[in-house]
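There are structures below to look over.
Next come two complexes, and both contain chain A; in the first it sits with chain B, in the second with chain C.
Then we have the complex of A and B:
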């Protein structure tokens, strides 16, 4: 394994640059170092102006997502040694694809957060039961139906992997759709009908062409592509049922 | 502090909240060429054109059979054209690719639950493959017996 490796980092300063350029920094390859450690090394020792987001450094907060050698990755979980062992001398670090860039490796997330809010990712009750009734109980099987989709940390790697997000800016996108499905599948939720207007729409699940990259890059194994296809099927079934039953049924 | 400061401050004309100039990357029309995963997706989508071609070919065959022996002979001659042969070989490759990719994607669109647990994906895809093999062997037996 090489002792040193070069980080080729995309730099963009909104005050000076028309478009990003790359700067190279040589960093030591320690066995336990991840790309985020190398970025911190550069910021602490070489160039304090290097700008990027990070917080927990343990795959929970979802803030350190970046393109590493063209792949959306959580930099806190991407080891330098992985690349060094493959004989790479250079690792390219760029901001997550398809997002506007604020500075260096920092992307603008307002659009994503607005989309997230639009799918109403919270428990909706039509009839709020009294507190005296106690907590909502669920069986392990009921939890199992949505648990996988509840693991999302909003790191937006799936947005950087999805070409539809890049080509169609109004597309709600993988994480928000998977989260909507997470609440639709929750036995405590009654908001599926409210979410249908946005989900069963060309901007919603019908915008998805099932590239499947969102699922491949997801660091928490959420499988947004699966959630979206399942919703498509549920929406079609609900539409068919509406012919048979006078009031139809909620897409679940 | 003068009393005038209690009044709401006047908005200076031309005031704009700070908004850094974002860099908005453009998506190239060749976005699908750069990565194997994207190229595979595009090939999978294009494969539907070749599936459609086989459907057209089958409809032409049925039509020729309906019109009689002369039309059927003409159809067979058309199918012996080298260009059609090459197109059919390419189409066969794409139709097989289409079938395999869709069989593999089916379990994520239709998860099957049994006894409260999700059945492994390969078990959900297996019946499709088995049905494919059975039908293919049946057709081969009909043609080659």
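Then we have the complex of A and C:
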């Protein structure tokens, strides 16, 4: 394994630059170091202007997603040695694809946040019994139905991987659709019909052309592509049912 | 300067902040509530909490037992009226989270499942696998989206509390995206910024845990409480400091020294049994386990690695099925960051800075002595945690006292008039300070990282697991030197757009304040209690120190430590015992 490796980092400052450009920094390759450690090394010791987000350094806060050699990655979970061991002399680090860039490796997230809110990601329940009546019962099997889709950390890697997001900025996108399905599949929720009405059109689930890249890059194995397929099926069933029961029933 | 106004302003959008915001919105939907957070709320450090949240849930358990465990776990420094309120409201808050969709683990019949946890005599820890904080935070965040009175200021960094007429009237904050410096006025401000683990070099805490709220309050004249009580968690992965949850031991994991020996049996923690025994051995409290590690190290029975000495956590006998069902994140973290599979291999672990028992001094409603200023969660010290927090008490603390602070702030705000011109003048002064001291400053010679590294090394050396006067005094004077050198820092970055170097500089300023308060409180407390162990004063001294340290900032930047009595209701100070003996003690009911 080489002792040093070069980070080729996309730099962009809207106050100075018309276009992003690349800048190279040589960093040591320690066995334990992830790409994020190398970025911190540069910021602390070489260039304090290098700009990126990070927080937990354990793959759960979702802040530090970037393109690493063209792949969307959590940089806190991407080891330098992985590249060095393959003989690479250079690692390219860029902001996540398809998002507007604020500066260097920081992307604009407000559109993503709006899309999350749009799917009504909260439990919809018509009657609210007092807390003294205890919990809504839910068996382990019922938890398992939605659990996988509740694991999303909002890192937005799936948006950077999704060609539909690239072509159609209005598309709600994988993480938000998986989150909608997380609530639809929850036995305590009664909002599936409401969400289906919101999402059964081209901006919603029908935008997805099932490329499956979202599932491939997801660091938490959420499988948004699977959620979207389920959603499409539910939407079709709901549409079919609407001929039998015109009021439109629960899509499950 | 732009000015915006709200009724209530939250600084921080983690577990406590979001719970407070929702509580205030539920009290009065007409209130305007601002959540100002330096990160998007779902990035907050609550996300990293793993093992669970304690709240009495089963018929074999009682509020008195949860209270006793908490108070004895805290070595009798907890305020018992606060603990009583806490244990009573914790189950309701956890139930409320269930109603909002939190995916709690369940019994086969659909009821909430609970697991064992350190220092708890009954199983009462609710859990969502080993990602409890993650699920709680996302549940709260997603639920908060349906409350229209809540306005978010995502990625805004608060630099100052505005205090006028003896009352907090708002904050000054920088919008990171644009660099805009703005006054955000409010009739009540609630600090929910979490802890300060980054004051130390080796911590489970996220990069954002810099004691922001503690320093903001301290500078504004509100005192901090019990700052010497800092928790080392016994099981962090070496190098990264990533937390391996206590739930790993609650599910049956063993702590082994280099000889494969369950060494905790040598430290008054009970006898080794094959299955976990509550309040015994690996299920002892965190302070005692971390102290036992140091003793093992001194006996030469730990294992040397390139990243410090370690002991081993052995989960192999639990089997893949249980580990996958109940500890999947532990396995994921070990595989990813340590290249070790706990199903087949021993996990190297060492004590790691995890939690701050101390914080902004509040009463039982979350109110600080400074009018209009409230605090809840790790940033605050109510105190329920006393000298040592029990695992799984911090998440329900965020909920119980977040909700209480939210309601109290709502009530306070309704009786207040809006901020006046004097507060705005202060805000303009603050804008000038940020520009002259940081953005437009020339000629600085110190690098942020240099001072930060020296501060972290100093605090670890003087205020680690064991402390004594000479190293504390040395640490105190080194921190004074670092405060002076901080005035000479240089920023590479003068941009207004997402200036993270400016943010780091301001955070370092906060951490230096917090470091000073930790070392000063530790220096003044001449006894050993819970997480504060003085080798020169090895015994607990109830006669002089059954009292909270209250530390104020003097106008010259130095600090002043005073003491205030602990509130005792039903549990007079007693001996803290674990293992078989401890079980007899725990069954003793309070003198009611």
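A few remarks follow.
Please note the rule applied: the second predicted complex is superposed on the first by the 248 of 252 C-alpha atoms of A that agree within 3 Å, B and C clash if a C-alpha of one lies under 4 Å from a C-alpha of the other, contacts with A are read in each partner's own complex, and residues count from 1 in each chain.
Here, a contact is a pair of C-beta atoms (placed from the backbone, for glycine too) under 8 Å apart; a residue touches a chain by one contact, two chains touch by 3 or more.
These numbers were taken from a predicted model, which means no experiment stands behind them.
Of the two partner chains placed by superposition, chain B and chain C are both touched by A:14. Looking at the shared chain after the overlay, A:63 reaches chain C, while chain B stays out of its contact range.
Of the two partner chains placed by the overlay, only chain B lies in contact with A:167; chain C stays clear of it.
Looking at the shared chain after the overlay, A:230 reaches chain B, while chain C stays out of its contact range. Shared-chain residue A:103: touches chain B and chain C both.
By the touch criterion defined above, A:193 lies against neither chain B nor chain C after alignment on the C-alpha atoms of chain A.
A count of residues in chain A touched by chain B and by chain C gives the higher number to C. Applying the stated contact rule after C-alpha superposition, one finds that A:140 touches each of chain B and chain C. When both complexes are overlaid on chain A, the residue A:54 reaches chain C alone and has no touch with chain B.
In the superposition on chain A, contact is made by A:209 with chain B only, not with chain C.
Counting contacts as defined above, chain A residues 14, 102-103, 108, 140 meet chain B in one complex and chain C in the other. Those residues of chain A that touch chain C in the complex are listed here as 13-15, 32, 43-45, 47-49, 51-63, 77, 102-103, 106, 108-110, 113, 116-117, 120-123, 125, 128, 131, 134-140, 142-143, 146-147, 150-154, 179, 183, 186, 188-189. Against chain B, the residues of chain A that register as touching in their complex are 12, 14, 17, 19-20, 70, 97-98, 100-103, 108, 140-141, 144, 163, 166-167, 209-213, 215-216, 223, 225-226, 229-230, 232-233. Residue ranges on chain C touching chain A, taken from their complex, read 39-40, 42-45, 47-48, 92, 95-96, 98-101, 103-112, 131, 134-135, 138, 142-143, 145-146, 154, 177, 206-208, 239-240, 242-243, 307, 329, 332-333, 336-337, 447-449, 491-493, 495-501.
On the side of chain B, the complex with chain A involves touching residues 20-25, 27, 31-32, 34-35, 37-38, 41, 45, 105, 108-111, 116-118.
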